[in-house]
Amino acid sequence: MPDTPTITTQEEVMFFDTDCGGVVHNLAYLRFIETARTRLATQMGMNLREMTQTHLFPALLRTEIDYRRAAVLGDILEITGGLESLDRLRFWCAFRITRPSDGSLIATSRQQLALVRIPPGKPERLPAEWLEKYSHLQKKHERRNQG
Amino acid sequence: MPDTPTITTQEEVMFFDTDCGGVVHNLAYLRFIETARTRLATQMGMNLREMTQTHLFPALLRTEIDYRRAAVLGDILEITGGLESLDRLRFWCAFRITRPSDGSLIATSRQQLALVRIPPGKPERLPAEWLEKYSHLQKKHERRNQG
Amino acid sequence: MPDTPTITTQEEVMFFDTDCGGVVHNLAYLRFIETARTRLATQMGMNLREMTQTHLFPALLRTEIDYRRAAVLGDILEITGGLESLDRLRFWCAFRITRPSDGSLIATSRQQLALVRIPPGKPERLPAEWLEKYSHLQKKHERRNQG
Amino acid sequence: MPDTPTITTQEEVMFFDTDCGGVVHNLAYLRFIETARTRLATQMGMNLREMTQTHLFPALLRTEIDYRRAAVLGDILEITGGLESLDRLRFWCAFRITRPSDGSLIATSRQQLALVRIPPGKPERLPAEWLEKYSHLQKKHERRNQG
């Protein structure tokens, strides 16, 4: 069975995640996703401590996020996501933020990334082993582009 | 000539806007846009200090952002944007972040919003005066949906 | 034996915690402490979800923080702390951030707080049960003031 | 007359600066001070864009901040501060955050810094020209230490 990298993280909503509207601020949801995506990258073989040596960083090309329901102070949120598709230069991840206590869907997000060497800041080809290991996701990506 | 609300703000990239990749962190661009959008709202007649009395807040429904080029510490960035379209319940804004020193386009973003009363957290109709004043933008929105 | 509330939390250094100097940004350490202190408050009987009902919030009066060593991307940091002393209106907490992998002391901090009802924003007396339960810490506070 | 570097900056309180207590979150005040201090550094001859070349960064050693009054959404705050004292390896800055609309003092802060080359992360001597130019502040520092 093909291996699809997935991740689940948990966040408890803190004061600094909320604003005076009484709900979680939109920037906080992206920080939660940031943490989940970084742990997904670790799982796919990218080591955070090595990045500062290799200067090869996952760089966001695009973020889409839909805010569906407001979370509040003290909520325990679950962020689940994974690698959705990839081609030779870019990959897409998708994430869902839910509140398990009442089953609410809080937000959904898709992000497109590349691996960029800084400097000079140019995207590099994704590792050959990713294209092999996740070839089932590569096909999916091609179909989407033809659609 | 119809009135289209637009805004321009400026940000100087600070240490807290950057990360150890040496460039501006993706969350910082959204904070810059947040500030521009809040000033746009003020210009459209929504007063920040009144919001905490009326409990009627502009709430993000969706964000799309494309990161096109990396900005670095000390860059002066310009955020320009405006109201793009609206219907009775929602409105779209669009923003561009540029670096005037070399004319670079750093990021582009579109955001969909509603006016939400908190509590109970339900969207309300946009002000009748917006629909009148920005009727030229309302048509554009309808065309997009039919496209 | 008297009960002294203490807390230990863990943080993995993410990109958004660092800056282009290559190390953790000073604001991130305070966010780590914020999370630890909020969990300490929960342990002392203050429920996050109740605060938004009672409008009684722990409010910072003063922060002191010494940055002793720089942490970097991917570090696992441990934040330990607890209630240090209290009088009828205020309490002090103290925190240490360490990096267990090499035993480094990263930062130390002390914070003075009150319980404030918002509105009107005035400090209230600390709960009588705190003064009883933590009477051994109250004496310590008095001694410090005489010193 | 001796030259004492001072700075004044302005911030308008945005949603992301506030929390669900309805007031500005404590981390936001430190971000405001961060911006003021960075502009002070620029004025003292440290260029942000050069720092990433020279790898010589101003690094915080200690922060003290007293939160005196709560600011709210839409407030215009003024941050004033300057160089307070220095010795061969360290310097202190002091800042005040006020709300000009009603003359409120919102917060006061003192910060101790050094100039650190990263890597290796060791403090360097302050520039000789600082010690000359700000010799009147150096004396003040010595007196404090003897006090």
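Each chain carries a letter (A, B, C and D) given by its place in the written order, and its residues are counted from 1.
The working rule: a residue touches a chain if its C-beta (ideal position, glycine included) is under 8 Å from a C-beta of that chain, and two chains touch if they have at least 3 such contacts.
This structure is a prediction, so every number in the text was calculated from the model and none was measured.
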Furthest chain, CA centroid comparison against chain C: B
Type of chain B:chain D copy interface by residue overlap (half), same or different: same
Length of the line joining the C-alpha centres of chain B and chain D, rounded to whole Å: 31
Centre distance in Å when chain A and chain D are each reduced to the mean of their C-alpha atoms: 35
Where chain D touches two or more other chains at once, by residue number: 15-16, 20-23, 27, 31, 34, 51-52, 72-73
Sites on chain D touched by chain C in the complex: 20-23, 26-27, 30-31, 34, 51-52, 57, 59-67, 70, 118-119, 121
Residues of chain A touching chain C in the complex: 12-16, 22, 31, 34-35, 38, 47-49, 51-52, 72-74
Of all residues in chain D, those that touch chain A in their complex: 15-16, 18-23, 25, 27, 72-73
